[in-house]
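Shared chain: chain A. Partners: chain B in the first complex, chain C in the second.
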Partner chain A sequence: MSGAHDNPVAGSNYHYIARKRRVVEDKRFVTGNGNFVQDQDLPGTLHVAVLPSPHPRARIVLINAEAALALAGVAAVITGDEIAEHTLPLYHGLPLPECRWFPLAHEMTRYAGEWVAAVVAEDIYIAEDALDLIEVEYEATPAIVDPEEAMKPDAPLVHPGHGSNIIYDGDFEWGPVAEDFEAADHTLSFRARWGRSSTVPIETFGVLAKWDKGTETLNVWASIQMPNYPEQIAAALRMPLNGVKVNQDIDVGGSYGVKRGIKHTVLVGYISRKLGGAPVSLIEDRLVNLASGDAHGPDRIFYTDVAFDQGGVIKSLKIRAIDDCGAYPGRGPFQLGKPIAAIVGPYRINSVHYRPCSVATNKTGQVPVRGMGQGPTNYMIETAVDEVARHLKLDRFEVRRRNLIRSDEFPYLNPTGTKYDSGDYETVLGKVTELANYDDLVKRRDELRVEGKLAGIGIATCLEPSGGNNLFEFLFNPKAEISTYMEGCQVRIDSVGNIVGTMGTTTSGQGHETLVSTILGEELQRDPDDIRVIHADSLAGLPTRSPIASRMAVMLGGAAAGAAQKIKDQLFQIAAHNLNRPIDGLEYSEGTIFDRSDPARKLSWDELCNIAHRQFHKLPEGMEPGLQALHVMQVPLGGQMPDEKNRVQLYPCFSFQAHIPFVEIDPGTGKVTVLDYFIAHDCGTVINPDIVRGMIIGGVAQGIGAALYEKFDYGPDGQFLSGTFVDYVMPSVFEIPYVKDVEHCTPSPLTSHGQKGSGEGGYLGAPAAIASAVNDALEPRGLSIHELPMRMNDIEELLNGEKPE
Partner chain B sequence: MTKRDITLTLNGKTVSGQADPRMTLVDFLRVVLKATGTHVGCEHGVCGACTIVLNGEAIRSCLMLAVQVESQEVITVEGLCEEDGSPGILQDAFRDGHGMQCGYCTPGMLTSVHALLQSNDDPSDEDILEAIGGNICRCTGYAQIIDSIKIGAERLREDKS
Partner chain C sequence: MKAPAFDYHAAETVEDAVGQLAEAGDDGLILAGGQTLVPMLAMRLARPSVLIDINAVSELAGIEQLDDGIRIKTCTRQNVALNSQLIGESIPLLAKALPFIGHHQTRNRGTIGGSIAHGDPAAEIPLIAVALDASIKLQTKNDTRNLSAKDFYEGPMMTLRKDDECLTDVTFPIWQEEGKLGVGFQEVSQRHGDFAIVSVAAQMVLDGNNVCQRVAIAVGGAAGIPVRLEKVEANLTGSVINQETIGDALTNMADFLDPVEDQHGSAAYRRRVARVMTERAIWEAAA
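This part shows the complex of A and B:
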């Protein structure tokens, strides 16, 4: 067993960072004292149930809610007409004025399960009873389900006013693509399909809203993880932004990007105001979550051309990416934009032609999923590398070694204008082959093959862009002139020397309280266990862009370090003034500042805090009393807009992982068993080893799910077929082997302690690695598969088709 | 619908509440008895988030009705704490192994493992997989949960001896 332990960081001597320490948040979770949205208990709360459309595409002719309203305990029934009259359409990332999106279907339904009406009642049981009493007359019309069919000119339109189902169609060329293809020894083409799946947290989305008449404030408690949430609530409800108070101290029961219930929130916010201030809650049940929660992930088709030389060195890529964003695009199309940051992966690919296209169909909406499209993109890139190896009959590991950027090439400028900050890819690849005992693994595989079994070894070497930035939005939409993705942290030291760190956003399992307290403890040399970290509500507000984009270690960590530095600066000034010594003659140790030439001359932490809070006469002239500092961090290397060739630094930091899974396929049933899984991982300095290890392995498990099991299925008629966990299959402990991991540390030169993001990496490489392993297992049969998920029946069909007559 | 009076032993204490006959046990625990440690995940018996221990056995509280637990003995995650509410041995083991991230599936995991360790204080790897095979965790990929269970089992054995 390889439990987490201290993570030695080259050239450093940290007290708390990189040390195995308990995670602050865990204590309340193990005792049942988490503060989840469903645990909020406001007297008189009303509950909302939503009526799903049975038709994927239909005109709503009539809604009769009389009987429902007459049921005892029902407070209101809301329809799309009412919502459309009193709220503004929800926000899409792209300018799509004719794709009007409301919390409830207005005039027509656009996917099976779309909410047609909402019942508000004393309890959820009554609300659900009332749903059965609502009569709706529909005029059903044919639905469009397949994204490539949806692109055709005669396809039924999801948004007739928009005139087409194409939501976005881009064309980017970086570097001399035509020349590189012309000069290449070989080219090959393939189609790869990433199926519609998501991260599906065990807690569904939930929200509670209460309009406070006295202060004219809409209070919101939600299991949310999204940037600009208060802004979008205020805009849709036509309220001032400073009248929306989002309470960020709600524990979010998993998200991985998808907890973005903006339509749910606008609906309950509207209802609470309409009803004069009653608390109103909407907690998705699992069917609503799966069918109509707007929480599906990328659903993508790649057509890729690869140009490469005789040695397997890849020169150029041409990528057509078609993504099915469902009925309401929201921020979904940007999942084609973020991967531009690493569109050439960790490889020295000279040029790339990228044509991303987002298409609407009659399905529930798409939201950003862990890595924001980087997972599908990495799957496509790794497929390209494996295909090159297969074409040239070269070893897949060797082809990677020939293409990986070398450690002496950093910072490395890729053709899209993004600089990779640091890395040592070949060493990490070496570490995972060592961990996997690769030669032995090959022996095991070959022995299984001799026994007539199908067995395969996978390999994927992938990047995790981290630190976040929003410039892909500008690449897709020139009106979005946004060049910062800031994060704030405030530190206050009270009069008795206790430390409070304040962050401005929710947490959904990433351990941000641990992150902030560890960094503050390190910087201020105080025990992190004595540091309290709180989540400011959105009005008490710190600038934040929420915990997306693998950015919190870099950005919140950096903000905490910056705030701590400001506190220390103030303490030095107080000490210099009182000890009558220049600052550069003083030294800081565990909160005490002393005179280096006469260590007996000193001021303790308690004394310094007391002076700051109570003894104005001892403060240097001009200094504010009290001891607090806010630091707002700008994204490293951010602030530049793209040049005329669309070249720009998209993300600042790049973590790297190398995955080796070992799989066996039952030749009779097509069942894939993941026998072993090895990963080597480099996210620079690890702040908390347990947290990083957990996110890596957890991401691998989700990636195994996306590769082998998980899919939101729709019938050809547009009916949703994955409404339970029995249909949308998620891996249990039986499907996930005990993942063995090893860390490597190439510090980032851009961050406070050399850290990079680590929340997405496992997920960003595992699907590609599993696909590589499955294809290795299929190779002796001359078969391959480039479509995820590779479910048992898919592989069984593939194998049976190969059976001799 | 006429509400029924229900009395049961919850975490060693006799408690009572009223519920409609159709109310699920998990809603009764959370909404009526305010024992919110137990979580609702899927409401169709697949994810295991709502697992509680009923008369010594791990069961899904979303698949039972409140009226079925009249006079029965129920243990929830709150019942694994020490008298003063501080974490019990198994709970502290999960902290030391960081056997969670978001904490949502954690109460169900802990109660499943508690039921296992009550009947088998030295479980094999297979026993552990079997015990938590019905508890889905989306955060951890299970490795640190398995680590935590092993730490907890060992400490509980030491505690007994």
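This part shows the complex of A and C:
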């Protein structure tokens, strides 16, 4: 693979971009110098432990905390009544006034594990001892667990005041669906189920808050990755927004969307203020993280109808998507909205009818997980393509070739109103079949089959929308009239010429410091290793929408490039003034500006920086001293609102991947072994090859987890069954094969250097690809499975279980 | 997930350890490798008043050759056993199972005796102990006794060990029969290193005519304790080993199992898979 990742931009003259460079952040993690929430050491910190509800659905009759309060070292016990009296309900994305959500269960519990009370104590051991002493009287009632049951009119209600468990039910039609179905040679239908899984980070969520009486500021250090975090804290605590200071120079130990501890933060913020300014921390343990961190991902059922012609060309889709958002919707329902941008995938599908429905049940809540619903959607689309191939007895690769958008069709406008920026899907598919040595792979598969084994080759060709733009929120909720989707970056050059890039948000493993320093280095032609990148706190902060939506390469990268350009403009003005030459006669090289006609006439980087900071008499008239620039970038193509047919540009950039896994199934046990994994990937210009490669391989591993292992299980009574890593089964290095990958580069015309997002792609295609491989292995037996995760038991049951009459 | 308060005593000798156990009444626990006990403490599933740490008791670690068996002292690390030539040569069935226990890192701490005393029905070492009818030695302040592994287990994580008894060693017998000794170990788990969903251990001696002289087969994960398949063993003993005799011997074997059920495997799944794994283990032992 050597060389495959180095400089995939054909003919580029980049010095740092797309070159193999050490990831700046790695050093501090590898040497044990990361700075996480738990590393913050404020004297007198109090620790919070939370009391989980044993009942998924119960009325809280009485809480008696006397004995807990009497325990030495206990500072306070907080209940839902107190929180509800002193804070405002937490924010849902949709207007749901009767689904009141507080950090602690108020009046009733809505899922097993929901926090009923919080103990604040000198240390966490005492806090947990005190939990044992709290007496709670519950009146348990039957829980509602199955989302389709929950939709029925007589189902028990998660939020009785809301009058129904249906949180959102939408109906979108883009293009002539009825005509396309009418005219199609064939139609088929299937049900596909995506299991409840998530990204489960190595660091659980943690937060430390300290109310500073002197400045009347709530200081927050948190393992956070989300937009509007300070806004939501301030709103719930009824504080001015400029009274909440979120310190963002905190390392976040993994997230991919799940680090959204709003309820945790409101709770500790409230406690710190109540106790007069004591630092208060709440660090989830693993059980809390899994059971009650409100950090589960989509849990989705698709009913899909496909209309297609004799040649396997898909004309139209009808999609009913039912998603179980758990007890407190939060942003969960929008995970049905984000995939609208690529609801037809990379295919030339003419029309689509999409009916997304979000349903509440007695489970912990959802957060946006890596791709925000795109993974399940891609799984459904790829299932449709494979089913068409099986129906017509056509090759799955050939059916894809017939449906993929051709490279000469870009920019391609899909029926929902989103334009795909660029792509060369067939070439990428060709690259992965070559990498996989596809003909040999088929031979290997067929040899195994001759030996009586079950072996299968998978294929998935999927999109990764990137850059962000959450107008899908407006499609679901017309009150959310938000079309700004910005990111800021500030660049300061000090008097001796050192460069500092400032970003306005946290980082959770994506390598933003490497991103910013690489782009600043490229633009200013200075060594990126000498550039420092810092994270402003939220009060000092820059406009940001946080590192979500596979957007930072596009948006933070673009903002850094824009800020660097402003710096260069200023340097040119200074040089023109002092060299007495017009700007267009000057040239910039590695920080030095010289006269093109007389290169000996020049000002060095050090001289230019010195003039900017210290020699006002040499500055052009009206120029501010110093050397700093802020650039705030709006998302490309952003700012348009939906038309009367709900057509709108959502995400601007579309990365593409083609996956080929090779699997073997043990027919006696149902166990799937992934023998090989090949992926070809196109995210436009690669900023840092190691980071992109890490994202791809980690994403594939997570996708294999979602496909074969990971599920948050609830019993039929609503009890949570996956509270440890024994029962929430994440694959380890032993289950993940060596992933062989190859890059392709179709630059985006919309971004600073042609880059697109790359943080989600491996995960967005791997579950579909593994399902395709498993179904290929089952095909000779006439079987198929459309439910993830495909656990051993499920596959073995299909093969060897008693067949229904 | 933090342990409640407990006293800690680092024992220096066996005498010291059993003395402490006696003093604690029914409230003391022995800490060996801690790979199970420490998480149980953190989850407050175990709440001893005192933890008696035997890791520094040198007389409780080591592997010894006896006339008719191998004695493994309780605090012997699983990785030490795994790397023991003596065990590899004399108890090949145990050697075959040891790599399936947890991971390299956990085997560096986890002990042979700790796993046997804990008695997880899906754990590998108790399964081998039951398959080979190992002899388990228990010691109190005043007394010692030996129990057969076959009798030792009562239910999931329940054994005949009394609260004041410390498991000091376990002796695996060496079979003396003439012929070719073969062993088979088969396990199905979701991931490498997980507790088994089902595991099967088989040891068999075949004569020159492929006739089974002696066989022992045990199944883990398919009931509350490791189960010896005595009926299958009886059917195979004296028979030529072939597809037909194995098939006959395994008929209805699943009826003798009583598996638990969870999200990772239904009872029906475990029954079916136990039969598959048993067949594979027999073939492996016969190969």
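Convention: the second predicted complex is superposed on the first by the 795 of 805 C-alpha atoms of A that agree within 3 Å, B and C clash if a C-alpha of one lies under 4 Å from a C-alpha of the other, contacts with A are read in each partner's own complex, and residues count from 1 in each chain.
One rule holds in what follows: a contact is a pair of C-beta atoms (placed from the backbone, for glycine too) under 8 Å apart; a residue touches a chain by one contact, two chains touch by 3 or more.
None of these values were measured; they are calculated from a predicted model.
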Partner chain in contact with A:443 - chain B first, chain C second, else both or neither: neither
First (chain B), second (chain C), both or neither touched by A:285: both
Touched partner set for A:645, first chain B, second chain C, both or neither: neither
First, second, both or neither for A:59, with chain B first and chain C second: neither
Dominant contact partner of chain A by residue count, chain C or chain B: B
First (chain B), second (chain C), both or neither touched by A:22: first
Contacts of A:732 with chain B and chain C, given as first, second, both or neither: both
Partner chain in contact with A:668 - chain B first, chain C second, else both or neither: second
First, second, both or neither for A:596, with chain B first and chain C second: neither
First, second, both or neither for A:711, with chain B first and chain C second: second
Chain A positions touched by chain B in one structure and by chain C in the second: 125, 285-286, 726, 732, 734
Complex interface listing, chain A residues touching chain C: 124-125, 128-129, 132, 285-287, 666, 668-671, 709, 711, 713, 721-722, 726-727, 729, 731-732, 734-735, 791-793, 796-797, 800-801
Residue numbers on chain C that touch chain A, as the complex places them: 1-5, 43-44, 188, 190-195, 197, 262-266, 268-269, 272-273, 276-277, 280
List of chain A residues in touch with chain B within their complex: 1, 3-4, 22-23, 25-34, 36, 38-39, 41, 125, 199-204, 251-256, 285-286, 508-511, 690-691, 693-695, 697-702, 724-726, 730, 732-734, 736, 738-739, 762
Interfacial residue positions of chain B with respect to chain A in the complex: 20, 22-23, 30, 34-44, 46-47, 49, 76-78, 81, 85-87, 91-92, 94-98, 100-107, 110, 129, 132-147, 150
